[in-house]
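Structures for review follow.
Both complexes shown next keep chain A, but they swap its partner, so chain B is in the first and chain C is in the second.
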Partner chain A sequence: MSPEVALNRISPELRPLLCSVVRNGRVGLDSTNCLRVTDLKTGCTSLTPGPCCDRFKLHIPYAGETLKWDIIFNARDPELPPDFIFGEDAEFLPEPSELPHLVQWDAGDPECLLQLVKELIQQYHQYQCQRLRESSRLLFEYDSLLEDPNYSRSMEIYAGHKNSWTGEFSARFLLKLPVDFSNIPVYLLKDTTLDPGEDVALLSVSFEDAEATQVFPKLYLSPSIEHALGGSSALHIPAFPSGGCLIDYVPQVCQLLTNKVQYVIQGYHKRREYIAAFLSHFGMGVVEYDAEGFTKLTLLLMWKDFCFLVHVDLPLYFPRDQPTLTFQSVYHFTNSGQLYSQVQKSYPYSPRWDGNEMAKRQETCKAVEPATIFGPALPRQIHFISI
Partner chain B sequence: MTPRGASVYRWDVSIMAASISGYTFSSVCYHSANSNSDHEGFLLGEVRHEETVSISDTQISSSELLQVVEVHNHEPCAQLFSFYDYAGQVNEESLNRILKDRRKNVIGWYRFRRNTQQQMSFREQIIHKQLTQLLGVPDLVFLLFSFISTANNSTHALEYVLFRPNRRYNQRVTLSIPNLGNTSQQEYKVSSVPNTSLNYAKVIKEHGAEFFDKDGVMKDIRTIFQVYGALQDKVQSVCGEVEQSERVKEKVQEEVNKLKQQIVLRKRKTTDEERRLQEAQNPEPRLTPEENTEPPETSLLSRVAFHTPSTPERPGPSANPPAYADLLSLQNDSLLPFSSSPTSAALLPRPQAVGSPGHPSPSPLGLGLSAGPNPAAGQEDDEEDDDDDSSEYENLVSEVGQLPPVSASVLLQGRPAALSPDGDASVRGSQT
Partner chain C sequence: MSVCSKGSGGNMNTVYRAQYPTYSSEYKSINIRLMHLYKKYLSFHKSPVQKKNNRCYIRCYMRLCFNKMFQNKIRNSELFLKFLNLSSSRTSSSYLQYLDQNLNIDRSDPQGEAKHSRYHDEPNHHGEPHLQQQSRYTPQVIHPSLTEICHPLEGLILGETKAEERSNITDSQIDNIQFEHTINIQKHISCRKLNSFYNRIGEVNQDEIRHILSNYKEENVIGWYKQRRNTDQQITFREQVVHENLKRALSNHELIFLLLTPSEITTSGSTHKLEYAVFRSHGSQYCSVPVLVSNLGLLEEQDYWRLSASCSSVNYNHAVRKHRSKFFSSDGSLHEVDEINDMNNSLQGELKMACKKVEESERLVEKLLADVSDLRRMVNDRKQELGEISADGASTPAQPQENVLLCEVIKTLFPGASLLQTQALNFQGFPLPEFCCSTDHGIDIATTLPLILSHTLPKARKGRLGRGGGTSWRKRPLRESSEVPKRRKGMLEETEESLSVSGSETEEDLIPANQNGNDLDVSNSPVF
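Let's look at the complex of A and B:
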């Protein structure tokens, strides 16, 4: 059900409350999606003219699960606070005194419901942590993480129900990794079709059994970060070491991620440097270059009266990864009507060279390249000049 | 949580059954259906405990505790949050204001909410815990009503579930409504729900004297009890009479058996004597059973008197119920007194049936064998002897018609020819 439909069907007095939930409602660590509302029903008689819905199901993402809570209002008494049914968690009973937005319910405040839900989620988290006591191993994991200030406040735990057949107890830890994404070049983050929201990296670790022999970690990145870091294929986190524990593993993953981010940032700067150097070297020979991301550069060069284009593609993890040079002729066509071009990757290159050095080296190698690339068809007497 | 009252029951074993009277149920539904929002109230009634002890061969005993909850009435709340606040905190004053003096009758509470799940909500659970403590009802029940309507409002279902949330397991209890259902196949049940209406009480009081006596018991009942009492007394006295007659019968039976024994012995004795006599007269032994038995028969018949208490030496014929086949085979024998040939009849004295007219009834035998028509005697003989002896008498009865009456002293000796010399072997009658 789209938010608009929900807002149309709900009783007018309750509309502001629901509005803040469906439009701005983000609770918990996974805030990429708003809270979802389904199953709008009414508590009035069927003869009451609509819209008069006053009860619905709220879907809340939490620790990789989706909680489905029923929220029950009364359209006839909209100033009264709602009641809740916590779905399958029949044993979850929060203490009302821990819910200030319930005790001092203010129907006039549109944010009241959202705040109340946040408080309930906090209580729910406490409840789940309590349930971890059934497994000493998992409790240990939790306690050790709790001591670390990096993780203690950004943790969601879902303790699954004990499997009555196997007696297995499972739990999932969802941790927000304290990685600084602020220095990632903006251009990388802009290029997504989705609303990026907050840049966040979440590590989900599922313990399928209480003895931590089957552990499945998974890294979730917000879409912009994922794109900025080169897609999901570029990121492989190490497997959870058997016998290891979260307090060792999580910092490892954190470090990995941080390194990647550093690479990306570094790469950006290096590319910028490279392009700058090429610009200063080849000056007028530059046709165009990517001034935002510094990923591409096109040069028009002449060697012994033979003109050709050189496209330089700088990869994301430059200078670790070598740039790709594409030589393109301005005279010749291939059979398919494209300009004849050839990609060159094997040329002297070292990531340790700085931009200037690379530019210089490119200069010399470009003198050799055209001859080999364009073949004996070219006039022998081609000298390299910049145009 | 200890239950109210002196007894301590085992929570885990008890089962709960709940019932609500039809009119209370319909009243709650009416209130609920007409409210345009959620609705709540209290359930009034009583809880009683029944313990069933069953004894079987395998176990010594097993007891089953049944807790029966009966809802008699309900007290609806005028609005929501009337006795609790936003945090779900119950206000005891408001509670008393709503319940007034009916507080002690509260056994549960109910809530109605449309289009929601059949599960206790957060606030309901909190309130329930507090009510349990405040009202002092350890097994407070919660009745949840819900109307579920289809999307096009064509069908509405009223669902109701009774919970006992203070238990850990088996929280849902079946609520039965007497007489709601197919009554054509069941009888109309009268529930034990008392009628608490004042008007009803007034009318009954006015007209009650016609039906009830001063103790409040229906007059008819008393009358019936009297009849019952009279019947019981009668039965008691009849029992006494039966006992007496049984004893008499027992005594008579004993005597009969004794006499039978005597007869048998005497017969044997007589037969022996006659044989000796014959042997003394005739050196050749006569082996035909009929010839052997013939002379002894005469002496037997002459000697044996019905009421002689001396033990007979040979068993009398009465003690040997002859097989019918024997009788038939011996019919040819002219010595048989039963045969239709006049010669045989003439030779031997006629047997006298028991109880035949003209025959004096000896006292020891008692009523059964006193004078009376033969069939009656025969019948009485039949009743007394339920074994082979009775057949002996039967035969006597059937044959008596053919025989002329004999002297009073002769009785029961009519069939000597049918007897084998060895009286003992053929004594089939039980010498009881």
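Let's look at the complex of A and C:
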């Protein structure tokens, strides 16, 4: 159900409260999507003219799960605070006095419902942490993470129900990794078609049994970060070591991600340096270059009165990955009507060279390569263009 | 609603339409009236002879009424029906003004002139009233009672709790004790509005509870109930908090919570269902308690009412108390039961006496049978002895022979005494004269048994003997004592079969002859 449909069907007195939830409602660590509303129903009789819906199901992402809570208002008394049914968590009973927005319920405040939901989520988190006491191993994991200020406040835990048949108890930890994405170049982030939202990296670790013999980690990145790092296949996290614990594993993943981000940032700077060096060396020979991402550069060069284009493609993880040179003739066409070109990757290169050094080496290289590439193809009757 | 918390319960579907049979027909009627009114409005517009004021007034009035009706503002069904009657008669301004008072019409501008131009008598100057989706926009004025009932309700439940311990004996287990806890719901008190006895965080107001209960006692409160439309059959967060606080406030840890959830089954709203469940808390968990609606449905024939259904009605208790003494004694038991018990005791006493008598007679019979068996044994022994003696060939007569000597002697000595001459006695030991021997055996007693005649008394016996037959008594000499064993033998043979014949050995007969060599003094009594 889209937010607009939900807002159209809700009772007018309750509309502001729901509007705040469906449009701005982001709770928990996974704030990429807003809270979702379904199953709108009314507590009024069928004689009541609509819209008069006053109860609905709220879908809340939490620790990799989706909580489905029933929120029940009363359209006849909209000033009364709502009531809740916590789905399958029938034993979850928060302390009402610890819910300030319930005690001081203000039906006129559009944010009141959203704030109340956030407070309930906090108490729900406490409730789940309490349930970890059924397994000493998992409780140890939780306590050890709690001591680390980097993770203690950015952690969601969902303790599954104990299997009465097998006695197995499972739990899932969702941690927000404290990685700084602020230095990632903007151009990398804005290419996504999705609403980027907050740049966040979440590590989900599922313990399928209480003794931590089956542990499955997963890394979730916000769409912009995933795009910036080169897609979902660009980053592979290591498997959870047997006998290991979260307090050792999480920092390891965090460091890996941080290194990756650093690579990306460094790559950007390096590319910019490279382009700058080429601009200074080849000056008037520069046809065009990517002024945002510094990923492409096109030069028009001449060798023995023979002009050609050189396209330089700088990869994302430059200078670790070697740039690709594409030599293109300005005179010749292939049978398909395209300009004759050839890609060259085997040329002297070292990632440890700075931009100037690379430019100098390229200068030498470009003096030799055309003869190799275009030599056999050069017709004798073509006139050369001088730059 | 009377509910017993035992057995199994589930969902109960109710169809609202069945409860309010006139709903659909009245709705139809209202719709028809509205359409007539609308047509009337159109006819007013077409007719030039109608006064402008009235025509416009009615037009605006109708528009206003329709709008307010659809906005659910009209609460007075009577007023609305009066308005509908406008279509059937001419209106007067005074009547319309009266109606205006209840519809908050601006008296300074009843026709809404300020919103229109001066000449707003045209239909395009007014929004045409129209009935939108009829199934949804029916005004609530039709059934205000229905709307009140269908809104969320809550209240307190009164009743009583009973605990019963039942012992079942089965083939495998002799001692199987079951505890049955029954909660009888007898009455409910509904609150006028929601959140009446608790606040937004579930804290209970005990003063408000007492106010709701009014004349009822807090001890009679066994739970509370709530009705929620279109929600899951699950207790909510606030209801749990209220329940726990109510348990503490009423000091009743067995408090129950009855949840009623009516909901629509079909999208058209033609069918509704009502689900109900009773919850009771066990720590932090709420479990559903089986519900039995005892006044609906048929009782199973094999169910016996072990306890009578209690009733808290004052009038009922008064009537029962008035006539109780006719049926119950002071200790609470039925009069008939006491009488039956007394009769039972009497019967037991009579039975005991009869048993005692039977025992005594049985013992007597047993003793007699023992005597009989002894005698039989003696007879058999004697028989065996005689049989051994006469084993060389003497044929024992099958039939006992008559002691003819004895017979003749008795006839001689007691000629007229038939009782003495009889050979048979009845079971009481009385001689039977009809069995007398009338055969003349041809034995001369005087020669055969001279001693008998010699031992008889001289006069009296002679006189008697003279009368009786002529045989004279005389003393029997001792030498004739050898003949006694023969006579004894004959007598013994006679006594073999007939118990009525007894041995009649005299002392002399029993004394052996060698022991009595000398003359002994013999008695003067007759010797047979």
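What we mean here is this: the second predicted complex is superposed on the first by the 377 of 387 C-alpha atoms of A that agree within 3 Å, B and C clash if a C-alpha of one lies under 4 Å from a C-alpha of the other, contacts with A are read in each partner's own complex, and residues count from 1 in each chain.
Here is the rule we use: a residue touches a chain if its C-beta (ideal position, glycine included) is under 8 Å from a C-beta of that chain, and two chains touch if they have at least 3 such contacts.
Keep in mind that what you see is a predicted model, and the values were worked out from it rather than measured.
Q: Evaluate whether chain B and chain C can sit on chain A together after superposition, giving fit or clash.
A: Overlaying the two complexes on chain A (C-alpha atoms) leaves chain C and chain B clashing.
Q: Between chain B (first) and chain C (second), which does A:V343 come into contact with in this model arrangement: first, second, both, or neither?
A: After superposing on A, A:V343 lies clear of both chain B and chain C.
Q: With both complexes superposed on chain A, which partner does A:V186 reach: first (chain B), second (chain C), both or neither?
A: A:V186 sits against neither chain B nor chain C.
Q: According to the stated criteria, A:R76 is in contact with first (chain B), second (chain C), both, or neither; which is it?
A: both
Q: A:G50 in the overlay: touching chain B, chain C, both, or neither? Say first, second, both or neither.
A: Touch partner of A:G50: chain C, not chain B.
Q: Tell me which partner A:V330 touches in the superposition: chain B (first), chain C (second), both or neither.
A: After superposition on chain A, A:V330 lies in contact with neither partner.
Q: Just one of 41-49, 221-229 or 365-373 in chain C runs into chain B once the structures are overlaid; which is it?
A: After superposing on chain A, the stretch of chain C hitting chain B is 221-229.
Q: Kindly list the residues of chain A that each of chain B and chain C touches, one partner per complex.
A: On chain A, the overlap between the chain B and chain C contacts is residues 41-46, 48, 55, 70, 72, 74, 76-77, 80-81, 83-86, 90, 93-94, 96-97, 99, 102-103, 105.
Q: So in the complex, the part of chain B that touches chain A is made up of which residues?
A: Within the complex, chain B touches chain A at residues 33-34, 36-38, 79-81, 86-89, 113-117, 119-126, 149, 153, 156.
Q: For chain A, which residues count as touching chain B in their complex?
A: 41-46, 48, 55, 70, 72, 74-77, 80-81, 83-86, 90, 93-94, 96-97, 99, 102-105
Q: Help me check something: in the complex, which residues belonging to chain C touch chain A?
A: My answer: residues 70-72, 135-140, 142-143, 146-147, 150-152, 193-195, 200-202, 228-232, 234-241, 264, 269, 284-286.
Q: Once bound in the complex, which stretches of chain A touch chain C?
A: 41-50, 55, 70, 72, 74, 76-77, 80-81, 83-86, 90-91, 93-94, 96-97, 99, 102-103, 105
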